[in-house]
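Here you go, one structure.
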Amino acid sequence: MPGTVIRKTVAIGILFIALAILPHFLKYHHQDFLIFLVINVLVVVSYRLVTLTGEWSLIHAVMMGVGAYGSALLSKQAGLSFWISFPLAGGIAAIVAALLCFPLFRMTQFYFLIGSFAAGEAIRLSWIHFIKPFGGTSGISAIPSPELLDIDFLEPIPYFYLVLIIVTICLFLLFRIEKSRIGLTLHAVHWKASLAESIGVNTWNYRSLAFITGSFFVGLAGALKVHYIGTVTPKQFDIGFMVFILIWVIVGGYRTFYGAILGAVVLSVLDEMFREFNELRPAIYGAILIFSILYLPAGLESLPQRLKRVFGRKDRQMERT
Amino acid sequence: MATHTQHPARRKFLKKAAAGTVAATTASVFPNIVLSANKTLTVGMNIPMTGDYAPWGLPGLYGCEIIANNINKEGGVTIGGETYDIKVASYDHGYDTEKALQGFKKLVLEDDASMIMMLGGSTVAAVLPWATRKKVLTTTLLPSDITPDSNYLVATCESHPLYNVTGVEWLARNFPDVKSAAIVTNNDAEYGLQSAATYQAAFEVAGIDVIDTHLHGFDVTDFAPIVSSVLAKNPDVFCMATSFYVTPIMEQLYHQGYKGKIISCTLDYYDEIIAKTSKEFVNGTIFQFPDFDDPKLQEAGVNFPDPAGFDAAFRKDHPNDWSAVAWEYPAILLNWLDAAKAAGSADSESVAATLKANKQEFVFGGGDWWGSQLWGLDNALVGRWPIVVIEDGKARIQEYGDVAGWLSNNKDVLVKHMKDLGLRTV
Amino acid sequence: MAILEVQNLTKKFGGLTALNDVSFKVGEGQIHGLIGPNGAGKSTMFKNIAGFYTPTRGDILFEGKSITGQTPSRISMSGIVRTFQETTLFQEMTVFENVLVGTHNRSRTNIFSAIIGLDRLIQQQARTSAMQALEFMGLEDRKHQLASELPLGSQRALAIAIALVSKPKLMLMDEPFAGMNPEETRGMMQLTRKVRESGVTIVLVEHDMKAVMGLCDQLTVLNFGTLLAGGSPEQVRNNPDVINAYLGGSHQV
Amino acid sequence: MKLSVQDLDVNYNNVAALKRISLEVSDGAFVTLIGSNGAGKSTTLRTISGLVKPSRGSIYLDDQRIDMLSADKILRLGIAHVPEGRRIFKDLSVAENLYLGAYIHQDKTQINSDLHKVYSRFPRLEERKDQHARTLSGGEQQMLSIGRSLMSRPRILLLDEPSLGLAPIIVQEIGHILREINQQGVTVILVEQNADLALQLADYGYVLETGRIAMQDKAELLANNEHVKKAYLGI
Amino acid sequence: MKSLTIIRNEHRSLGAVLFCLKHLVSEIDQGKHPDFRVFHGLLMYIDRFLDRYHHPKESDYLFPAILESNPELAPVIEELGRQHREGEQLFIRVLKALSAFEYCGPSQFSEFQQAVIDYTAFEYEHAHKEETEVLPIAEKFLSTESWKRIDAAFLDHQDPLFGDQPSGEFNKLYKEIVSIVPAPLGLGDAWKS
Amino acid sequence: MELFLQSIVNGTIQSGFFALAAVGLVLIFGVMGVVNFAHGELVMVGAYTVWFLHAQHNTPFLITIVIAISLVTVIGMLMEKFLFRPMRDDPLGGLICSIGVLFILQVAATLVGGDGPSKQVPPPFEGTMVLFDFLRIPYQRLFSIAVSIAALGLLWHFLTHTKLGWALRAVSQDREAASLQGINSNRISMIAIAVGAAMAGLAGALMAPLTNINPHMGHNVIITAFIVTIVGGVGSLSGAVIASVLYALYHTFVTTYFNGTVATISGLLIMVLVLIIRPTGIMGHRVSE
């Protein structure tokens, strides 16, 4: 037992160090790409927390925007420093999510999917409609970057380290939540809501908890993103981006923590690789989606096991018989 | 119709696919570059080439390639004693802020672009802090992007939407009976609202009552209700402030029997509109964007080399893609080259200084640096602007209006209307 | 003394009356059987008691207090836990995790302590009581197996362990012997008695007459949504109304 | 039309639902499967009608092996299944439900004469033929479910708990109807928890316990069997 | 032995009708508006079924055969025969109470209800006694010969009493009852409350 | 008053398109349990076909409509055969597949028509009918609404008066029970998607001369179709049609008298409200326990 723990810790350590030195070997614009990728990892992992209870929402991208707008307004209008507006961004997203729980969690399944989409679209259209204070379609620009000592967070590498540290902490927290009994209960609500209820689990509470917590973290992700770009617009959080989140999680595999990460990383990197195909790019992406769903229904995370099976590890079968 | 059928879409598709690959590999490899011993001067285009906004990016790339090709064919451009071939490097950001930032850095740091042309809006806002820090000269088609924080963002060509005032002024002068106007536009802050505010100001100055300003979203599939609602107020002038939905709105005006004057910011693809309505209906429509085979562009004072030749070359290669941006990006490129020649260097700082120091020649002639009253910095080049009217199914320049003059007289009215619509002013 | 009292319970679905004015009492510490043919309303009765349905009329008292119309989780917190007709488990979790979820009521935690680890003590207690419940049901050897991999008898035992670990006062068991062979049934009966001996009152719905007659202290017979009879197994067996239901071509009771 | 089920095994997610089930049903017979909840009665019917695929064993109709065929093909061979819980199409009218029962047939006149027969057997359905099926009472829905299956002109009729949740006189009436149907030459295989009713009606019975056939005999003998009496008849 | 099944079947049919009767009375008690045609139908069925069809089978064929083989059962058989007659008396009380209820109004309901409860309880008791005390013995002790005789009589298609005609007639009668008894007990229109 | 009547006319014309698009979505969801995210793109393909064949190559309009319907139907059937059928038990997988198709169809449209501006189709029927001097209905729109109503009527007839129609409704209510009536549910799924796609193709073809045609036009279509489907009650065709009419009129009136964005935002909020108050929509039935 301790052996595997040590092995895991070492593996994660190596991964972390590799990530930390990675940007130094990248082209400039790929450094930016890496920053957004790491932020998107937080987006998908927080989304997975929401989906743990079995409800697929279409509002996650908008909740990210709620955090982003929140932090942008706090730092621009109220003049708060990034270090204050950033955590508050998560809080604002969580509060909005908490308010939305009342209507949204009256629904489940398909209805929840569509209901959450409608609620999100209504919020997003409000950003467009209410120019004060949201700035309409052009949103809010000149959002200040973080200030700390003399570090220049406009440069990709320092910001990357900031993002890496924050996202790592967030992932650790999300991991703790999932591995705690709360996470266990969230799973339980998904697999058999009626059984969970019969032993005293208030499923509404837990669905809400997952939604609010997930929104908190994605709110943070939103703030991280816009304090780097310096601009927040409604278009950044439209259904198109939401669809990408959904795709990353499902193609990566939503059953495990790392499946979602794998999905976001692999698909984003593939997408970037296909850049030269220009307008054909979405079609290639679409084809990959279809292919992976048809042939890897459990997601990319199941690929290693599949390979193992292909290479004939028969011990599992022997166990069975 | 005839023009459509001559160019089957299949051919276009093959060509487009090829063009895409060329653009993507960033080197527009023309044969003469291979032969030439010249150094290369790279300009960057960080524009949408796919998605909804592609029509405001791609034609510009095609136009710049034609211009670059022409210059290179003639032996390149000499700046500070050194002769260069022009290379246009492009990056498709799909009007996405993240990608815009990445593309900007790629063009500057990896492709060594000396200047970056962009469409404007949130994508410009996203790159601006970095561009300012790195002192990269950046151009936009939207002067409203200008902020006092950045000396390196200039709008040297399209002064959207300031030129709209000239059309209104011309209308009021030629049709004194016109008393009331209604404005329809989409509700985005970059294009629609700016333009609506400008039209409101222009109508006010011209003594025409704006009885309705109808803002709509990008989700409209049918303009019948909007047009019905506006026409119910019986305006003498129907004004379209942005280009996105001109065709369906014109169609509705036609079907709902509208008989009054029509003024529009643009009338791109007006032959299609004529096909959907009638020549008689479209005749007399006032707008701001000429065809480049217009004889009036041959006159002195216009700073665009061989507009008719450019027009022909463009329409030959890209028959269905002509739009305002097709000549605007090239005009910016040409303007920048002039400044670089004058500065004797392509270095951003020197070009920017030269641009601002000299009284620049605007593409349609004239030219003043303006903007501080509205956006805090005089980084928009404002000059003469054509007033275009459809005559017998063809766009023809009536005259050139004086944007700068109007602004100097009426800037307060403009600022007031901008403020009323919640737009950023100093 | 009655731990559970159902008073004049009526439940209608649209025009259909699934339960009509049913009353009965369950004595503390007893095994109480709820019997009747399929469609007689037993499951509806169960769901009303456990809070999955809200009664149309009538009252349900638990330890003298009304629990009518409360949510399932609320009712469960006051000490009533149900097991399900078909084997209902968190199939994708291990046996131990299944029981650990069951500790929810007794050792609650919040998200902040879960993150920081302040709830270590509570967690430890939860694990201990989960382990105890597994040992009680004889499942300790299987704790790392997935629930779906267990044989039927052990799955039922696990279902009871999940219910048991929340330390209920009253356990509602829905057809615990369904699909079991005689040997499994005997084992299950043993377990049920053991649960009762640990101080839990049990109400069960069952078709297996041998098991019901052998196990239950008291019976309530429902037929066609109405209360038909109540009493000891012996009394019920000789009740003319029950015989009528049987003679009436309705199902065996 | 002899139906023979040989050595059938069925698994539901790793749990064996049926173990080595073998049945022989000759033409015109009235056979019942009784047993408690979860004993595998429904699964047996569902396997015969093609809704569930066995993991081993075979099913023959006369000499044709049918266990690999889909449900719609099996119906075309003359085996109709009245599923548990009636499963009528609630948003369709009564008449539409009945017409769907004859989905596999094309001959309009024959279908109409079948419809006429069903209506004369269940006059209540004719009175309500244009109503949505969801407006029917439980008993009427069961009648509709049986009527619908008769529209396919089955040679073998599988019935899964037709008495479920119905009042005594309707249950008796369904018993009468099943007997009539059988007397008209249709083989009937009846799954019932109401063993009493089932053994009254059937000629031959199988007792299922935990997925296995525990006993099989003539129905009258089973009805008088001590074990069956204790376990299933409540005596 | 077929006869035994037939007797049991008839008990169940009768039991179903009695259950129905009792249940409908309790529905009136809970405020439903009765449709008297239903009660007339039910009672007519019971009357004809018991009198002309069921009891003769027992009294004329089964009981004599049992007495023949098990003379010690005479008291029981006698008692059952007496119960057949007592049942008729109770049934007449039900009929009278129904008329009173129908024509004199709700004030007479409680008498009707009581009459029904008494009658149904009595008939259950009676059937139970037959099934537990007489039929098992018949099953055990009657000779094959006796069974053949009884079966032949029960199944004789020419027999004016039990043959095809009457059973068809009773089936028809039963169907009619089922169609008028209100849902969910039967297929008729549910009574309004 | 004139504006009021004109708005009713405008709303009615809109409702035809909404209904055609939504009906297909409902059919596909009802029978196959898949939320077809690419449904808007099927409409888009219909419109592109008209643009390509009629506007670019002078094929007669009516023939183009037939071709558009056939093409979209074939695309739908291919989706069912190769994507939705293997994904039968995995609605989430079906949804992802349909998103994949969405991307591919958008790119296909871009390849055919280029990235340029929105495409326009000159209306094949010219002129405007004028009633009472103020009500103006262009003949093109009159044609569209007539064809929409005819198509919906035909669909209604198909669903309520033909054996296949009954079978289709039966499968959408209870797949298993339907298979017990000898209904091959794969075949019915194929018919459902064929009919649904044909309706979408027809909607696209009819819209083509009236709207901006571009690869992304499906986005607005699917949002509207979702709203209409939810408000009408998932799985209820009559609900979808009624909701289409109501929503189109609502949207038209709010747009006319207030503002289009307000109309959309409030439309979305109404949808959420309907979901909360009556999760099964105005015509839906709660699935019984």
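Annotations for the structure displayed:
Chains here go by letter, A, B, C, D, E and F, matching the order in which they are written, and residues are numbered from 1 within each.
We adopt the following convention: a contact is a pair of C-beta atoms (placed from the backbone, for glycine too) under 8 Å apart; a residue touches a chain by one contact, two chains touch by 3 or more.
From a predicted model like this one, the values you see are computed outputs, not experimental measurements.
Listed here as common contacts of subunit A and subunit E: C. Common neighbours of subunit C and subunit E, listed by label, are D. Most remote from subunit D, judged by the distance between CA-atom centroids, is B. Interface comparison, D-F versus A-F: the higher number of contacting C-beta pairs is recorded for A-F.
Chain F has the C-alpha centroid lying closest to the overall centroid of all protein C-alpha atoms shown.
Chain centres were defined as the mean of their Cα atoms; on that basis the chain farthest from subunit C turns out to be B. With centres set at the average Cα position, the gap from subunit E to subunit F is 62 Å. The geometric centre of subunit B is 75 Å away from that of subunit D, both derived from CA atoms.
Per-chain CA centroids place subunit C at a distance of 32 Å from subunit D.
Averaged Cα coordinates give subunit A a centre that lies 38 Å from the centre of subunit B. For subunit E, the set of residues touching two or more other chains reads 12-13, 15-16, 19, 23, 184, 190. In subunit A, the positions touching at least two other chains are 125, 128-129, 279-282.
Chain contacts: subunit C has residues 16, 91, 224, 245, 248-250 touching two or more partner chains.
The set of touching chain pairs reads A-B, A-C, A-F, B-F, C-D, C-E, D-E, D-F, using the touch definition from the header.
Every residue of subunit D that touches subunit F in the complex is listed here, in rising order: 49-51, 70-72, 75-76, 80-81, 83, 87-92, 96, 99-101, 103-104, 134, 148-149, 152. On the subunit D side of its complex with subunit C, the touching residues are 13-15, 36-40, 138, 161, 163-169, 171-172, 175, 193-197, 209-211, 230-234. Put simply, subunit B touches subunit A in their complex at residues 16-17, 20-21, 23-25, 49-50, 92, 95-98, 101-103, 105-106, 109-110, 121-122, 125-126, 128-130, 133, 147, 149, 187-190, 193, 217, 421-423.
The residues of subunit B lying in touch with subunit F in their complex are 1, 4-5, 8-9, 12-13, 16-17, 49-52, 54-55, 58-59, 187, 214-217, 219-222, 224-226, 228-229, 232, 245, 247-248, 251, 255-257, 268-269, 272-273, 275-276, 320-321, 323. Subunit C contributes residues 50, 52, 71-74, 76-77, 81-84, 88-93, 97, 100-105, 109, 111, 114-115, 117, 123, 126, 162-163, 166 to its touches with subunit A in the complex.
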